[in-house]
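Note that subunit A is present in both complexes that follow, paired respectively with subunit B and with subunit C.
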Partner chain A sequence: MTEKVISREKIQDLLKKLGESYNVFAPVQDEGKVLFMSLENSSRDVVLEFKNALKPPKEVFFPQTDILFTFMKTTDGVRSEDAQRKKSKPNLIFAIRPCDVQALQLFDKVFSGDYQDSLYLERREDSIIISMVCSEPQETCFCTSVGGSPVTAEADIILTDLGDQIFASGLTESGEKILEDRNFKTATREFMDKKKEAHSRAEGSMKEVFNMNKISEIIGKSFEKPFWNDISRRCINCYTCTFLCPTCHCFDITDVKRKGGGERIKTWDSCMSPLFTLHASGHNPRGEEYSRWRQRLFHKFKYLPDNLGLLGCVGCGRCLDTCPTGMDIREILNIVISEDKTKE
Partner chain B sequence: MNNIYTPDIMKVEEIKQETSDIKTFKLIFDDKSKNKEFTFKAGQFCQLGVFGEGEATFCIASSPTRKGYIECSIKEVGKVTRAFHELQVGDTVGFRGPYGNWFPIDTMKKKNIIFVGGGIGLAPLRSLIWNCLDLRKDFKDILILYGARSISDLVYKDELKEWEERKDIQFVKTVDPGGEDKDWDGEIGFVPTILREIKPSPKNAIVVTCGPPIMIKFSVQALDAMGFTPERIVTTLEMRMKCGIGKCGRCNIGNLYVCKDGPVFSYDQLFTLPDEY
Partner chain C sequence: MINIQDELRAKAKELLKKKKVNVLIGYGSLNENDLPKPIFIREEKDVDMLVWNPFCINNLGKYLLKERGKIGIVAKGCDVRSIIGLIQEHKIKRENIVILGIRCPGIIDIRKLPDKGNATRLHMERKNNVVMVGGKKMQFEEVCYDKCLTCKYPSPIEADFRFGEEVKARKENEGDSVSKLESMNIEERLKYWDARFEKCIRCTACREICPFCYCERCILDETIPAWVSRSTDLSDTRLFHMIRFLHVAGRCVDCGECERACPMELPLRKIVKMIEKDIKEMFDFEPGTSLEDIPVLAQYNIEDREDFIR
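Up next, the complex of A and B:
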């Protein structure tokens, strides 16, 4: 593993250079919020002093609206054409938090398999992930409770903010190649020690908010429990929790009609919407609020682990941080766990 | 890499009005070579779309033994199906599929087959019925019980007549009480009631059923009382779907996706799943 440091003021220069070979997505300020944006069409300064971005950068690979193909009416019917997916350069995400990196592992599994989603996979192909250690996790963070860590990530490079200097560890061949840039200097023992300190401080600040042990099994037993109704009562169906969730990947497919043709689009959808499962007949298998909340938790903590071997929660805390009615998935999981114990 | 969401272009070859709100569309691929290559199995479904209106999920209602085309029977209930009902012969639709699993036709061979259908629920059964009839000698006794609310709600009327006239199968048609007229020569009564009256033997038999949930529920109860074990009762489920390939996240029952693990399930499977369909 290559370990280097880069001085904070050189970051802009580094990103400029990376921009020659990659489409760089980095955290920038947008009306008081931090969001990942492509630096290709943005002159905004990259910010490194942020807890986490409002939206996870999942949309780099899974845009909120994705044109599947366009179609046009012709004299003898309709012709469809794959949408032009301009991808002159591979994508690079800079300073993505470890939880959001973990979420990409799940996305990779969902969009590959026996049916390969080329729209996702082509954007993901040759992409570079540069992660940033969470030196100061937030109150709402709970990555360590779902098997994650604020200081490690399946990335190409992981950065640790040491103030004037940023520590950089190359984790893959492509990552190490980027660290060959002359903005990076070899890390001295002093920096290595500082990095270690920062990591243990970050890890130490994380509390285990629930016991993940057997969570899939415990949740699995709770389907018929009466508490789902009480738990979900505060939900107002705004879908924010699912749209801002780094692992939520459910989508809709609809048509947009334009003069002489149109396009078929894939858009983010939410299991919290009653329309999500509404049959044309009017029947709805998950027509009630509690059944949708149950589905959301079962999907994340039972079905995804069963089917793909990964939890559908990375502990980023966005859902509880942004819920307009203050619903907290940690509290709800704790209710599920404690109700399970009560029974025994 | 192929775009899995891009449909094949198909042309409407024929449209048949089945009931006041159900039409059967015979479709052929625009790419003639595809008509020869295309294969599917009875029970599989497809995503059919009218460009500009959207896609929806339909079972393939024709038999895989009838090659060169597919048929889908579509009831007008929403935006996409309304667009289908406005189509004319020669119009273009988009097709993705075939998706999902299929009826266990191989294990049905050398067995007595009982079809229990209600309303538009005959559509997926029709694929399998013709499949079995086209390979008639592979199966033992075949019983088809089909019912609808009223005479005018019966689909595939010409084929019902054909099945009625065949000597090598037993065909029973019924309409709900009040759905008959003075010329009606079939049974009068709900499908589960008639099923109890026929009382087919569970010996060496497999039941394949599809219809309104209430019909299925009481038919399964009746079959259970007659001694049919759950693994011998097979059905096909409906669920709202978008992708059809296990990604969009909405058609699950428990951890199974109706689009990929189904739509065909036997009752021993369904009994282990949460009641959320």
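Up next, the complex of A and C:
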């Protein structure tokens, strides 16, 4: 592992250089919000002082709207054409939080399982992930309760903010190669100690909010329990929690009419929508609102662990932070867990 | 000072005990530290979960459509207007609901607090117009919701019981944001909105939270044909908002919930204000202000001075 430091003011320069070989996505300010945006053709300044971006950078690999092909009327019928996919350079995500990196591991499994999703895989190919340690986790963060950590990530490089200097550890070959840039200096003992200190401070600030022991089993037993309607009562079934979730990956395929023809598009979908499971017959196996909340929990804490060996929640806290009705997945999970205990 | 929360709990207990309501929709927190959330109280023993504090922001009016029988509801001045609207539209019957109206001194917008108030929320105090946030003094106007700054009806127009001291209407000073937009030409306006609509993730929170977006079949969800595509192409997102706002024009009461619910922080109340102004100017109508009113776009008048409709 190579360990280097880079001074804060050199970051813009580094990103500019990286921009020559990569399409760089980095956190920028947008009217008070922090969002990941491509730095290509953009003059925005990258921000490093943020807790986490409002929206996870999942859309770098899995955009909300993806055109599969276009079709148009011609004099002798209909002609279709694959959507233009210009991938000039590999993608690079800069300063992505560890939880969001963990979510990408789930994405990798989902999109390269039985079906190889070429749209995802093409964007993911040769991509570089530069993660940023969370020095000050938020009150809503609970990565450590779902097997994550604010200070480690399976990335190419992981950065730690030490104030004037940013500590950088190269974790893969491609990461180490980037650290060869002249903006990076060898890390001295002093910085290594500071980094250690920052890491233990961050880890120390995290609390365990629930016990994941046998979670898939416990959830599995709760399907028929009477409490679902009660605990999801105030949910209005919008798609905020699923669209902003770094692990949610459900999509829909529809046609859209455009002038002279149309497009077949792949768009984010949400299990919180009644349309999600509506059959052509009109029957809806998840017609009740509570059954959608139950599905969301089951998918994250039972089906995904059972099928792929990974949890569908990385503890980023976005869903509870942005829910307009204050639904808190930690609270719901704890109710399910404690109801299971009272049964025994 | 009268403690609104204690009074509310006492009244809620009484109503449930005497079976005057079978459910009470209010604000509640499990822990003292939590932000209040909408709760549904069905038994007397749960009444102690009921809270009132300057963070009770949700407009609970929409939940009236989710419940059956006699319903009790806690409502601020602005929320009451949406309840009046729902009664006017025959979605609910006045005699089936018991309104616990709050004379509202204004609600704090946690997005305006440092770090969303996470660290300081519990140590917040409000004395008249000064809010102490973690030892720092802030003017209430700096941290309250924009809608509260110009609230015309902080004291409920309609209620069965009223709580708190009379609050006077606040001054109208938000006109600026609308007039700024109005002074723009069409291209500038389109540019302004496109820059915002671009951020819209079409999560539908603005629709689902709106008390007036109650249609069981919404044109935005139709699939055969799909009038509005799921695509986040700007043309589709523009259409999404144009349709939604046209459908609430003349009904929208500026409860501000659409803007608050929006995770991408789109300034939706700017559209709300524009519509409100148009409705006032064109029809001299103010939605949700009187039980006797017929919703303006549901009225027909043979004497109408516009002749296109005859």
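Note that in this section the second predicted complex is superposed on the first by the 344 of 344 C-alpha atoms of A that agree within 3 Å, B and C clash if a C-alpha of one lies under 4 Å from a C-alpha of the other, contacts with A are read in each partner's own complex, and residues count from 1 in each chain.
In the analysis below, a residue touches a chain if its C-beta (ideal position, glycine included) is under 8 Å from a C-beta of that chain, and two chains touch if they have at least 3 such contacts.
Model, not experiment: these values are computed from the prediction.
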- Message: Looking at A:D252, would you say it contacts subunit B, subunit C, both, or neither? Reply first, second, both or neither.
- Response: both
- Query: So, does A:K177 touch the first partner subunit B, the second partner subunit C, both, or neither?
  - Reply: neither
- Message: Output check: A:V78 vs subunit B and subunit C. Expected answer is one of first, second, both, neither. What do you get?
- Response: first
- Looking at the overlay, does A:H299 come into contact with subunit B only (first), subunit C only (second), both, or neither? first
- Query: Given the superposition on chain A, which partner contacts more residues in subunit A: subunit B or subunit C?
  - Reply: B
- Message: Quick check on the superposed pair: does A:T65 touch subunit B, subunit C, both, or neither? Answer first, second, both or neither.
- Response: second
- Touching A:K109, do we find subunit B (first), subunit C (second), both, or neither? neither
- Which of subunit B and subunit C A:H283 touches, first, second, both or neither: first
- Query: subunit A residues touched by both subunit B and subunit C?
  - Reply: 252, 254-255, 257
- Note on the structure: In the complex, subunit A touches subunit C at residues 30-33, 35, 54-55, 64-65, 138-140, 230, 233-234, 236-240, 243-244, 252, 254-257, 263, 265, 267-268, 270, 273, 275, 321-322, 324-327, 331
- Which positions of subunit A touch subunit B when the two form their complex? 68-69, 71, 73, 77-80, 82, 110-111, 113-119, 121-122, 223, 249-255, 257, 261-262, 264, 266, 269, 271, 276-281, 283, 285-286, 291, 295, 298-299, 302-303, 306-307
- Considering the complex alone, what residue numbers of subunit C touch subunit A? 30, 34-40, 58, 62-63, 66, 116, 118-119, 199, 201-205, 207-209, 221, 223, 225-226, 229-233, 236, 257, 260-261, 263-265
- Item | subunit B residues within the subunit A interface of the complex | 1-7, 9, 11, 30, 49, 51-56, 77-78, 81, 91-92, 94, 213, 238-240, 242-243, 245-255, 274, 276-277
